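What follows is a single structure, and I will ask about it in a moment.
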Amino acid sequence: MTRELLDLMGIDKERLVLEWVSSAEGGRFAEVVTSFTQKIKDLGKNPLGVAA
Amino acid sequence: MAAEFEPKIIAFCCNWCAYAGADLAGVSRLQYPPNIRVIRVMCSGRISPDFVLKAFQMGADGVLVSG
Amino acid sequence: MNIEDAAQATQTYYCLDCGVCTGSCPVSRVLPSFSPRIMVEKALLGLGDELLKDRDLWSCLTCSRCFERCPSSIDFPEFMRLLREEAIKLGTQPAYSHHGMLQTIMELQTQGINQRKTDWAREAGKVAEKGDTFFFVGCMPYFQVIFRYLGVDSLSVSQNIIKILNGAGIEPVVSDDEHCCGHDMLWNGQVETFEKLASHNLEVIRASGAKRVVFNCPEGFYTFKRHYTEHFGDLGFEIIHFYDLVAQMFEEGSISVENGVGPITYHDPCRLGRMAKVYDGPRDILTRLAGDNFVEMERNRENAVCCGTSGWANCSTGSKQIQVERLKEAQATGAKTLVTACQKCQIHLTCALSNFEMDLELKDLTSLLAEAIT
Amino acid sequence: MVLGGGIAGIQTSLDLAEMGIQVHLVETLPCIGGKMAQLDKTFPTNDCAI
Amino acid sequence: MTYSHLEEVSGEVGAFQLKVRKKARYVNEDLCTGCGACVEKCPTTVEDAFNVGLGERKAIYKYFPQGIPSTHCIDAENCRQLGQGKKCGICAKVCQAGAVDYEQQDQFVDLEVGAIVLATGYDVFDPSVIPEYGYGRIDNVVTAIEFERLLSASGPTHGHLDRPSELALRVEIAALDKDLKKFNRQIDKLEEKHGKKTAEFVKEFKAGQAGEDGDFERWASLAEKAAVAEEKLAPLNKKEAAAHTAKKLAFIQCVGSRDFRFNRFCSSYCCMHSVKEAMIAHEHDNETTSSIFCMDLRAVGRGFEEYKLRGGKSANIQYIRGRVAEITEDEAHNPIVWYESTTTRTVEHETFDMVVLATACVPSAGTPKLAELMGLDLDENGFFKTDSLIPLDTSRPGIFVCGCAQGPMDIPESVAQASSAAARAAEVVFTAPKAASGGGK
């Protein structure tokens, strides 16, 4: 639902992900973070252009 | 523009799952990008759509919800 | 504007201390601590600072039942609104419902996002980019997503309007750039956000070359009619409610309906009824749709009761009680369908209804009309 | 001329007549009496109104 | 001159020329003895304006029993003969004095007078424009003047506090009863003719064994109609039997007055009027209790405050500070009053048998027209404009005003003003040029 909302507002819904990582999966966590960071890098800056 | 774009990513992590996972990643000395700002929540069910919207409003480039 | 100016602007000084406001107030009946009369009294006794800190400041539904009856014509809802502005300046956080999500969306809109709001419009019918008639959709696309879990089909209302307009040979302008009208922000005391949203909307509408703007949302209609003109002067275009347009269409004979719905009853939204004084338009449509099967609730027209919460703030147990009472009142008429003309009423009453076993269906007037057009 | 045959009109007419002035009392309804005739009793003494 | 209108005014102080239209009564005033035989026989009933619609009168009528002049009068609009072009003439036939004259025409009378006194009174505010009080929608919400007629021994209920909802119920029952009697008469005739009881006949008819007869269709339908009427009557009669007179009364003050939406002024007499009505109701039936809802009870006059206290002490009157917010109705037609008691600061609701609205005193409907005709100014509330230090002089010399035409006031004040107006007028007449003396005053 939130992704649809983002879409309505013109924020790419790819910018939001939900991943299940258990406490024993340290490796998986690092993997998820790495791939997501890469994806965002490809997408570029937040279109709102807010200096943060 | 800077040589490479460094995004800001907010990660909402469940205390019992992903947050512990991140902890384990740290203990195991696994490398992951430094762009992530982790916010610990007691349960990923605590996260409302508004958290995500607020994050974007404050200038986040991406949001990761992890449970 | 300080409290004294607010009191001056709404002629609070004329208060007779008669208690009609509190006696009329739907909130006072369920939350005895809340009393418009005592709030006015406090303001006049110079205890305004206390008022600004009071959580009850946000309990008022601004439904205007008190203003309608006040023998001194004190605009209490407006008084509340002005005090809320003041409280926001002091850093008070209103009690938002839905975690303040809707407020965030409204704020986001002032930050220059590119909305993708109108894909549904082309699905429904013909829309234009420039033209005489601008259809101000309002928040329906957002409601559609947020309140899907209640089964409220908000967007179909807007789609039906496009269909009906097309049927009458009107191709309305629908814009991606249209923002929230600012109603909720205004009533939450956030005037700056309101002004940003409003001035943007005026630009968008003017750029489309529209001579008239059609509303279905009572809040948008009322906010444009009253607060836009208060803040921006003459708007340069005509503001018309969809039901007025429908009345014209009936007169011209460009639409006709089948009579055969019922039994139904009608809930007056406060923005449309008491505040914009649109009572007869919806009733005319309902009579055409249902004939004698249209029955009035005990409290109707000027006496109608609010749907329980407003401005996406302060949804409490009191709100639920008000909503359930309203639903029971609708049921007592023997009607099987409760018709509303405001998507917010629809959402709030549906929410209350979902918790009870009640042989009652909620329906939007526009959708009902669209189904009956022959 | 006195226009209106209620309590005020009647009283005026009677007073004028007593002063020896000829009075024309004009009333729209078929009978004089006005609103007071509709009252049952008067306050504060609960006297009969007619 | 009763039943007359002022049509034209010209001239000035000391010598006004007037034209008065004397409406046709269709009854010769000199011959009519006021015996009332015509009323008894007149076939047309209409709503009675004197009893503010609570009772009925005939098309030939006397405005009220003690009315002066004691002459009858035909209401042409509702009269069969005059207004509807039908043949009737009953009243002319029964009149022993031969006073009824259908040919009578309106007459014009020219007058020349020295001074004019306006005593055109007031109208009662119509509370149906206040949606929250439900007047017109809820049967047992009445105005003070309606309540006055209900209380009056000469009124439609002979002074018993029958509730309007029950009066309406009785009318309904009477209509049904009349129908039922008609059906039964016809059924009786059929029973006699065919020598069969209806119950027996219906059984046969339904079984198709009744055979063919021109009467049978009609008989069956009559039997059915009678059964339906009886069925409808039973619950109504039950309700009627359970009905009681109003014993628990609510009086609501400032209805249409002290209200920015309608009239800003205080009507001055209504507080005492309500106390009086509550006391009379208690006198009539000692079990009656009354609640008076007011912002402040304005007892401004000699003995008024004592009267108010007496009401509280000995007539079961309770004074509640708080203006009523709204009135709703329960299934038994009892009005429910919602209000905030400002003394206890709580929102309350209470069920009453009847609610009386102390309606405002407003300028009478003809005031603006009369003002235009006479060239007079009105004040911001629509009454005739006067100066506060010369309260009887209108904006035109030689024309005076007294009573409620000038502003809301009670009876003693009206009488006092009336005498003063007489004095002012007399002054003009006695000092006027000789030219005017012909017409007297």
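A, B, C, D and E are the chain letters, set down in written order, and residue numbers restart from 1 in every chain.
The rule is simple: contacts are C-beta pairs under 8 Å (C-beta built on N, C-alpha and C of every residue); 3 or more make two chains touch, one makes a residue touch a chain.
This structure is a prediction, so every number in the text was calculated from the model and none was measured.
Number of steps on the shortest path from chain C to chain D, with steps defined by chain touch: 2. Summarising the inter-chain layout, the chain whose CA centre lies farthest from the centre of chain C is D. Taking each chain's centre as the mean of its C-alpha atoms, the one that lies farthest from the centre of chain B is D. Of all chains displayed, C has the C-alpha centre closest to the centre of the whole protein C-alpha set.
The interface with the greater count of contacting C-beta pairs, when D-E is set against C-E, is D-E.
Rounded to whole angstrom units, the spacing between the C-alpha centres of chain B and chain D is 91.
If you average the CA atoms of chain A and of chain C, the two centres end up 36 Å from each other. Between chain B and chain C, the centres computed from C-alpha atoms are 38 Å apart. Along chain B, residues 49, 53, 56-57 each make contact with two or more other chains. Pairwise, the chains that make contact are A-B, A-C, B-C, C-E, D-E.
Taken in their complex, chain B has these residues touching chain C: 48-51, 53-54, 56-57.
The touching residues of chain A, when paired with chain C in their complex, are 1, 4-5, 7-11, 47-50.
Interface residues of chain B facing chain A in the complex, by the touch rule stated above, are 4-9, 11, 16-18, 20-28, 30-33, 35-36, 49, 52-53, 56-67. On the chain C side of its complex with chain E, the touching residues are 14, 16-25, 28-29, 32, 35, 37-38, 68-73, 298-299, 301-303. Against chain B, the residues of chain A that register as touching in their complex are 1-2, 5-6, 11, 15-30, 32-34, 36-37, 39-41, 43-46, 48, 50-52.
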